[in-house]
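A quick write-up on the structure given underneath.
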Amino acid sequence: MTEPPILRIENLSTRYGAVRALRSVNMTVRRGEICAVLGANGAGKTTLLRTVSGLQPPDPGSRVLVDGTDVTRLPAEAMVRHGVAHVPEGGGVIAELTVEENMRLGGLWRAGRRERGAKAAEMFELFPPLAERRTRHAGTLSGGERQMLAIGRALMARPRVLLLDEPSLGLAPLITRRIMRLLQDLRAGTGLTVVLVEQNAAGALSVTDHGLVLSQGAVVASGSSGELLADDRMRHAYLGF
Amino acid sequence: MRKPTAALAGALALALLATSCSGAGQTEGGGVGDLDVSTGVTDDTVVIGTHQPLTGPASAGYLSISQGATAMFDYINAQGGVHGRRIDYRVQDDVYDPTQTIEVTQELVMGEEIFAMLGGLGTPTHSKVVDYLNEEGVPDVFVSSGALMWNNPEEYPLTYGYQVDYTKEAKILGQYVAENFPDAKVGYFYQNDDVGTDSQAGLDQYLADMVVSDQRYEATAPEAVATQIAALKEDGADLVVCACIPSFTALGVLNAAGQDYHPQWVVSSIGSDVPTLKNLLREFGESDELPVEAMLNGMITSGYLPATNMEDDPWTRFYQEVHEEYGAEGELTNTTIYGMVQATMFARALKAAGPEPTRQGLVDALESMEWNGPGVVPFASSADDHGGYAGALINQYVAEGDEEGLEELQGPMVTDREGGDITEGAFDRATPEEYDFHD
Amino acid sequence: MNHFIDLTLNGIANGAIYAALGLSLVIIYQATRVVNFAQPALALIAVYLAYAVYLATGSYWTGFAVALASGTLMGVLAERLLIRPVHGRSPLSAIIVTLGLLLALQGAAGMVWGNGDYSFPYPMDFRGRFSPAGAFGLGAVAVVTLLLFALYRFTPLGLRMRAAALHPESARLSGVRVGLMLTAGWGIASAIGALAGMLAAPPFLSPNALDAVFVYGIAAAVLGGLESPFGAVAGGLLLGVGLSYVSGYAGPELTTLAALAILVVVLSVRPDGLFTRPVARKV
Amino acid sequence: MASSLRRKQAPAAATARASARRGPAGLWNSLPVLPRHLLAALAALALVAVLTSVTDGLTALRVANVGYYLLAVAGLQLLVGFSGQISLGNGAFMFIGAYTTALMVLYTPMAPLAVVMLAAVAAGCLAGMLVGAATARLHGPYLAGATLALAVGLPAVALRFPDLLGGSNGLFFSLRGAPPALSGLVSDSQWKALVVWFVVLLALVVLATTSRGRLGRRMRAIRDDEAAAATAGIPVGRTKVVAFVISAGCGSLAGACQAYLLGTATPSSFTLALSLSLLAALVLGGLGSLWGALWGALALVYLELAGEELAHAMGLGSNVANNAPVVFFGVILIVIVMAWPLGVQGALSRLGRSLRGR
């Protein structure tokens, strides 16, 4: 008996004023999968994550289910309790707080200071460069370190589903590959499910199991990473290589 | 961009031409309006008005003046009013701000068409409407302020003073201190405006060479009083003359007590309202060895009106009764009596103006009146002296053990506001029953 | 020399009051980027409630507790009912709402308790050069500042409040209820405002008792730099002592002018206040 | 879909035809800026003349009060609305204007009114330059705090020099009323109201013309994004100071009109409450337009009066009645700012648009 998909999105639509940003998107992700969301700029990738995580209100008739429970109307601050962590575009690191404070912020909703401390230590092992700058202000971090801190903070919440918005934005290819390998290790280690929004389609598809391609808010193609890579027409039209 | 600027310059030139016929400041003298009118008088009411600070920072000390006058007019109207007319006393709030004083005064004169202005309060405020009232021919009766400018029959023929002015009162106090405390080291503690400077003008005529310290407080800076009292103590002043409003007298006495500094307090009438001072200091008297009364014990004050602590004074008893029945809640204070006396004297002048009062009738009644009370000193509202109460007597507040009262140290004295000497001011004073001021 | 000591001690006692009000303004500014002009009026109502309870029960400290509790409650209600609806709009709207609240509450105090002066007790004995009451004021402000520092620096609630203020979206994504944090900020700030009111009200309480403190409290907050609680306390003490010297040596009528002069001098050197790291503005 | 295409096809022809079809409104907009403002000013002056002739002196005084408040709020509007600098100090500039007028009338009585007013404007502009320069690097609450201290601190100067500036009693003087030629036709208070409105409208014309021109555009750029404006080559510092100078000039002229109207300049009139209520009136009326400044000025003069009438009508106890106007003003302020974010003018124009739209 295959267990229900950890994340199911049905007929998800939303609008910014008159502009329809998402048009009835459907998507299902099973536990432990890494799913890619691809498409040109402005295709609605970021909007999809923001609508799932509650930052953007969905239109009536949309449904978002996590492990079978309906979380469509929940506000963003409640999603963490349902195991969904969202790393927004640019990471959302708070420059005025120290690295340690940014990290601890992720785990705040879980009770128990001791447990948070242990989890934080674990994160600092995962990201050694952050350990050195623990007490420095997050504003002094490099782009790559900032992205690592953002992911670390999200992991502090022990999520089951990680929504990751363009981690490679503005980073050197070496660091992007290291992040992608990290996602694979996490999947192997804790069975973490990842929804990865990426501009750099080639890099993403090399890591993800399956994905979908958005254009003007609608899904124009979906399938396993192999199928998407093999489909020349799709690759030229939307993925640009 | 160039063409509009030229047009603009033209417009400006036009403006200059239109208003530049002659100097803004050159004006012919203010004439006096026609007096043979009885505006504000109907067959059953006489409408009079006043401007008072009812809200805002200055209201705390003066609120009970208009409350006292209102209570008195309620009493008079209950006795049938004056010549069968009810006195309608309209109080407008000017928040002690001259721009609002001007507006409410114009509203009283033009809007509510008052017969006369009674007791407009405050020098910075009333000084801005005194010209207007005289030009409009509105009698400006018993101004609630001790400034010297109200006694100026040539310039302000319709304005009549009420309160003994600061310089006369200071001269009487100064002379008393010079005679009875010849080797005192005197400290001045007074308000930084004309209250202070006019009082100092009187005090310096007798105490100039005895002064060791001169502290001027600012009404908007109460937090500085503590250091000013410390400065008085530091300079060795063992007698402090205080020309201040009640809240600052209380602040001075409180801070002195706080610094274990016990000079002989000599306070002019505007700041020596004992019930008000006791009320302000109520929270700071130590349990028994330093009750509030003890803080004020021995305070020498000047006065010209019946005071609450004068139990055997017929007027004090009369005002106590009126207050209990018609007054606002809370105990009777001398500030309330100030307003009640004002109303009593106005009613008497109105009655003397006859059954068909005109403004001219009121002025004639005022200038020909032989005042015999309720004040304890002679009152002047003759054609050439609009000075109001002409002097003061000197009391001492004594509170030993459980008995408490005012002892008269010096009888009523009168003087002028220049260098003139101080003379006896005794006169036979009527009782409330003999005082003809209502039906 | 005595005069100098008196001026200094009096300046410190007054400075503590400006610091407390400055502190409450800084907390609210940090939380909602709004300068709360209504703070003195909220404090005034809290002090009047404390006075009513003190008269009824005869115990000053019961009144004191009521002041802090009612201050907190009013702060929460003000944020939830008045500031929240204009949250997203231009900073001017929030400023004008607080101005309206200032006028309405001050008038309401006059309506309920009248415009006269009430004798209002000091927390402790006010006698002596550096009286217990003065010491209590300074001590209370010091304790409050340390508590605040600890709250912000070491407690989860403090971290949540700072995250909510600095980067609401990231805070929400980490499970922080941003709305609740803003309300908590206003509640804590108004409690400290009520404390400032209880220290400033003696000896006489009237609807305009806190007018002067209001201006110096804002000056203290601006002097210290609106970013750090310590800035407001330092700004308050600096202002208190500075004004005391000016009123002692040059005359009390110059205190308001001196406040202007101090502010201009400091702000011309440090435009963002004394204790603010010059933040590079994002271009 | 079709209608939008057609409009695109013939832009030039369409506008010509449109302005003719729209009649006077079209004509009005096609006039160059300055004559349009002058015409509007003349119309307003005529309206004031008619209004004050049919009513008594008291209303004339109040109409004149509205006049100088309008000028002060309009000056503030330029500073806050256009260049985004929140200043709480306009009361201080009114103080400067009032005292300049008072001193000139007392010490140089032969100087004609126009010269006195121009001197007041000059003094105000000088003060504005000083304040603008001193606060050029301040922004947001720091600017508000500094100007707040200015509004409270400056009047203390009058207390410091009692013999020159009259201490807390201030200065008072009597002014020429209506010229003898018109004495029959026009009462003193009506003449003063007309003079005040003449000066105010003239200043508003200058204000409106400058804010339409290059300076106005620069200030709006700074308001929207100071950093971007700087990179676009706009001299931010200088423009901010110029905004302060003009705003201070208007405030000072308003103070001069007040002194002229009331014949007094007293420190206790220039309280912190004055500066705060000017800002409140600006937001109440609606940022961004001179109409907003008018609604704000009307509110300043008539809202408290309405509160008083209300208190009298309900026959409330003395404490409640005395404080009712202030509470009424505060509550109205909150309600309007929350209900109509763009103030009265914003609501009116939205109403207008929805009526025209149907």
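Just so it is clear, A, B, C and D label the chains in written order, and each chain counts residues from 1 on its own.
The definition used in the following text is that a contact is a pair of C-beta atoms (placed from the backbone, for glycine too) under 8 Å apart; a residue touches a chain by one contact, two chains touch by 3 or more.
It should be emphasised that the depicted structure is a prediction, and the values quoted were computed from it without experimental measurement.
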Note, CA centroid farthest from chain B's centroid sits on chain A
Between A-C and B-C, the pair joined by more C-beta contacts | B-C
For which chain is the distance between its Cα centroid and the global protein Cα centroid smallest?
-> C
Hey, how far is the Cα centre of chain B from the one of chain C, in Å?
-> 37
Chain centre separation (chain A, chain D; CA means) in Å | 53
Averaging only over C-alpha atoms, locate the centres of chain A and chain C and give their separation in whole Å.
-> 43
Computed distance of Cα centres, chain B from chain A, in Å = 78
In chain C, what residues contact two or more other chains?
-> 107, 110, 114-115, 207, 211, 251, 253, 255-256
Chain D: which residues touch two or more other chains?
-> 159, 322-323, 326
When you check chain B against every other chain, which residues touch at least two of them?
-> 54-55, 192, 218
Touching pairs - complete list by chain label | A-C, B-C, B-D, C-D
Which chain B residues qualify as touching chain D in the complex?
-> 1, 3-4, 7-8, 11-12, 15-16, 18-27, 30, 54-55, 67, 93, 96-99, 102-103, 106-107, 110-111, 123-124, 127-128, 131, 192-194, 197, 218-219, 328
Which residues of chain C touch chain D in the complex?
-> 29, 35, 37, 82, 85-86, 89, 91-93, 95-97, 99-108, 110-112, 114-115, 207, 211, 215, 218-219, 221-222, 226, 251, 253-261, 263-264, 267-268, 271-273, 281-283
Residues of chain D that touch chain B when the two form their complex | 32-35, 38, 56-58, 61-62, 65, 104-106, 108-116, 159, 162, 167-170, 172-177, 179, 195, 198-199, 202, 205-206, 209, 213-214, 258, 260, 262-264, 266, 268-269, 271, 318, 322-323, 326
In their shared complex, chain C is touched by residues of chain A numbered 53-55, 75-81, 85-88, 92-94, 96-97, 101, 104-106, 108-109, 153-154, 157
What does chain C use to touch chain B in their complex?
-> 2-3, 6-7, 10, 14, 107, 110, 114-117, 119-122, 126-129, 131, 202-204, 206-208, 211-212, 244, 247-248, 251-253, 255-256
